[in-house]
Amino acid sequence: MSELTHFDAAGAARMVDVGGKDSTRRRAVAEGLIQMQPETLHLIESGGHAKGDVLGIARIAAIMGAKRTAELVPLCHPLPLSRVEIVLETAPDAPGVRCAATVETNGRTGVEMEALCAVQVALLTIYDMCKAVDREMVMTGVQLLEKAGGRSGHWRRET
Amino acid sequence: MSELTHFDAAGAARMVDVGGKDSTRRRAVAEGLIQMQPETLHLIESGGHAKGDVLGIARIAAIMGAKRTAELVPLCHPLPLSRVEIVLETAPDAPGVRCAATVETNGRTGVEMEALCAVQVALLTIYDMCKAVDREMVMTGVQLLEKAGGRSGHWRRET
Amino acid sequence: MSELTHFDAAGAARMVDVGGKDSTRRRAVAEGLIQMQPETLHLIESGGHAKGDVLGIARIAAIMGAKRTAELVPLCHPLPLSRVEIVLETAPDAPGVRCAATVETNGRTGVEMEALCAVQVALLTIYDMCKAVDREMVMTGVQLLEKAGGRSGHWRRET
Amino acid sequence: MSELTHFDAAGAARMVDVGGKDSTRRRAVAEGLIQMQPETLHLIESGGHAKGDVLGIARIAAIMGAKRTAELVPLCHPLPLSRVEIVLETAPDAPGVRCAATVETNGRTGVEMEALCAVQVALLTIYDMCKAVDREMVMTGVQLLEKAGGRSGHWRRET
Amino acid sequence: MSELTHFDAAGAARMVDVGGKDSTRRRAVAEGLIQMQPETLHLIESGGHAKGDVLGIARIAAIMGAKRTAELVPLCHPLPLSRVEIVLETAPDAPGVRCAATVETNGRTGVEMEALCAVQVALLTIYDMCKAVDREMVMTGVQLLEKAGGRSGHWRRET
Amino acid sequence: MSELTHFDAAGAARMVDVGGKDSTRRRAVAEGLIQMQPETLHLIESGGHAKGDVLGIARIAAIMGAKRTAELVPLCHPLPLSRVEIVLETAPDAPGVRCAATVETNGRTGVEMEALCAVQVALLTIYDMCKAVDREMVMTGVQLLEKAGGRSGHWRRET
């Protein structure tokens, strides 16, 4: 296992030099889950139609959150994203809501952080809108599923 | 279980009116965990001294992230935070790093979202700095631990 | 008619001193309209259910936009908003979509700019989502409708 | 008239994939007007010299606003702008101030939203600086005038 | 000389708790200088009228910069500023431009950082606009001049 | 000495058109110093280990500040930075802390402003963390050291 690349030989943090990398098409997919009371999930499900579209709002927040990643994560490179797609599905067995984010760019470094950040913001937004009825929700299982493009090639989490 | 307060009778989202609430001292505590390979944790632990202070950087990112909460979470009220404190501890049994965030304000609404957002940003930042050696880290167990101040009084998660 | 208060005697711009004003409850209401082809409006109306909720997204953008006002308008005071409410209605006679924004704060200055900014961002967002089918939409009639609180008292636009 | 591209088949909003588009030089021009009392316009005109340069400040706000477009409009792609030019002219017949914004990029998608956003922020800024003397100003006629570059070629609004 | 208050006993950084402090009127004044070639200063001076108002733009950037302080300085508390005033004067003897910033708030902590940040952004903006003709400009003497309000009372730099 | 390029013939500010420039690798290096009491420097030096890592936090703030440059400096082009490296050294003879920032991009315009902004934010952050023990610190000598890439070629400040 190699050293942490975000630090120089003296231990000082840096934004890693990616200027020598090729600008290629890159994609990352991440997922996460927010667990909640069955009644909370029921409120979200019934809201899709007329009583407040929790998932629609979380989706927008996630897309906007992906664009803010480099402002939040100190050593992250700013990247012009070319695609953000968010899937939010109710998971009755959790019970809760599952989020998957796919992010793409044509750039010199990957978009894993953007995909993970989008998932986090989606879950936070669901928490915010449901916290008045359920304080005990838990955000969990936020992880990278897939990464494509760049020197390291295609990687997919084994399940 | 009541309705979701972030929507009006027709289902339209809104920033809930808190103008009639008292401005009181409020506190929230949240926690979360990032699980990783034992070797990754070892790299973080050895870095505290000379090879790169991953936890110190995550702490700063978390404090700054708390201040950006209302920009990320659509219906969140902007609040002038009066205190942000972040505890990051290595958890050898996970193995991983545990984060706890305490946030306070003197305001008209609580700071649960700020505490949760701080935890999420801390975990994301750790992920970013270690992802070159460990893509499979998982952020998990992000939840509210305590909430004090305001009409609903003091609440603490049962363990 | 008095001088412009945002400039000192020498003509230099400044953020006007409001430190001596009372912190009171203040409200502003603004409105605006985006005119479009009848077919565009039809696409928006049919989207409320399953094909894409243009108005729901514009509402969220408007609420978030209200929170960013002081970043966009140079001499605007930052204010902790206590309420933002956005009404979006289709206006078949325009044809188009009408937006009204109500913003409140407990602060030392009014929230007219926040209400107007929310309306502008709502209309921009509708434009963005429909521009692929209708480039000629026009945003129009963006104006203040009402203002309450503070020394100048209650004002309502005559119609 | 086609479907709205910002939504998938199930109606979920997305940031449209532009990764397959060519990166070409693109330009957009937008305009808008703020109408006001003749006395308000007179104050603006006399301020150009020594008493406060309302138009100069609005121009700066518009340029800065163009750079923030992707933060305000949820599904907008972040783009590295290569040129922003703002023309502000007094329109004695309105009476009011007319704003035109020209924005360019070398990118994978157009800059219509940036040009429109720049116009909106210019008009908002003028409103802010003059609102103490004229609450009834109206922002109107905000529209796209021209669009060049990309697959759809050159388009110009007919007058 | 006491310890650094931004760290706890274990050396972890924190946003210091100001929740117990009184919310009082506070003011800070800071200054700084940008030195340049005499020809560069001459270009700035001649621009005040028709050829580009460098100082007017720097003033606006400084006011807007003051509002962003808590986003830039990690442990800074976000504060609703009640006044920002920027004085920019040509200093023929330097030669260069001198900037002074006065910032006020009604809050629980001081606004020294906001005043210093405003000065820094003013000087940076002047550098940006003149760098094509003079790369060797130096920003210097950025310091606090005065601080009023809060427990520590009134302080003024001795000259 | 030529005219200021940020203004058109009529004196209106603009974001200069760089669309016709080549996208090449560009680098800028800037430096600055914060002077302080010897005791303050001693506190910083002793904090590197256990009592609070002032320089580590300033380094992170500087990297994040570099990414925000185009939001602070009105006419600055937004650029996707490919590298940011910050060196912070104690300068016992000043006494104080010296900061050097190296920034790179592959873009159509230089990154001098980003390097200077990074230095300014580093110094501001040090000031913030030490101001409780030393209000009289002075930030000084902020200047460009080197610039490479683009039509104007390689430039280095003579010493």
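The letters A, B, C, D, E and F name the chains in turn, as written, and every chain counts its residues from 1.
Basically, a residue touches a chain if its C-beta (ideal position, glycine included) is under 8 Å from a C-beta of that chain, and two chains touch if they have at least 3 such contacts.
Nothing here was measured: the structure is a model prediction, and the numbers come from that model.
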Any chain in contact with chain D as well as chain E: C, F
Of all other chains, the one whose Cα centre sits farthest from chain D: B
Interface numbering overlap (same over half, different under half) for chain B and chain C: different
Matching chain pair for A-D (criterion: over half of the contact pairs shared, by residue number), options D-E, B-E or E-F: B-E
Rounded Å distance, chain C centre to chain F centre (Cα mean): 37
Approximate Å spacing (C-alpha centroids) for the pair chain C, chain E: 31
Centroid distance [mean C-alpha coordinates] between chain B and chain A, Å: 16
Sequence positions of chain D contacting 2 or more other chains: 12-13, 49, 53, 56-57, 60-61, 64, 68, 71, 74-75, 80
Pairs of chains, among all present, that meet the touch criterion: A-B, A-C, A-D, A-F, B-C, B-E, B-F, C-D, C-E, D-E, D-F, E-F
Chain A contact footprint on chain B (complex, rising order): 1-7, 10-13, 32, 37, 39-40, 43, 47, 49-54, 57, 60-61, 64-65, 68, 71-76, 112-113, 116-117, 120-121, 123-125, 127-133, 135-144, 147, 155, 157
Chain A-touching residues of chain C, taken from the complex the two chains share: 49, 53, 56-57, 60-61, 64
Residues of chain D touching chain A in the complex: 8, 12-19, 23, 70-71, 74-75, 77-80, 107-108
Touch list for chain D against partner chain F, complex: 25, 56, 59-60, 63-64, 66-68, 80-88, 104-106
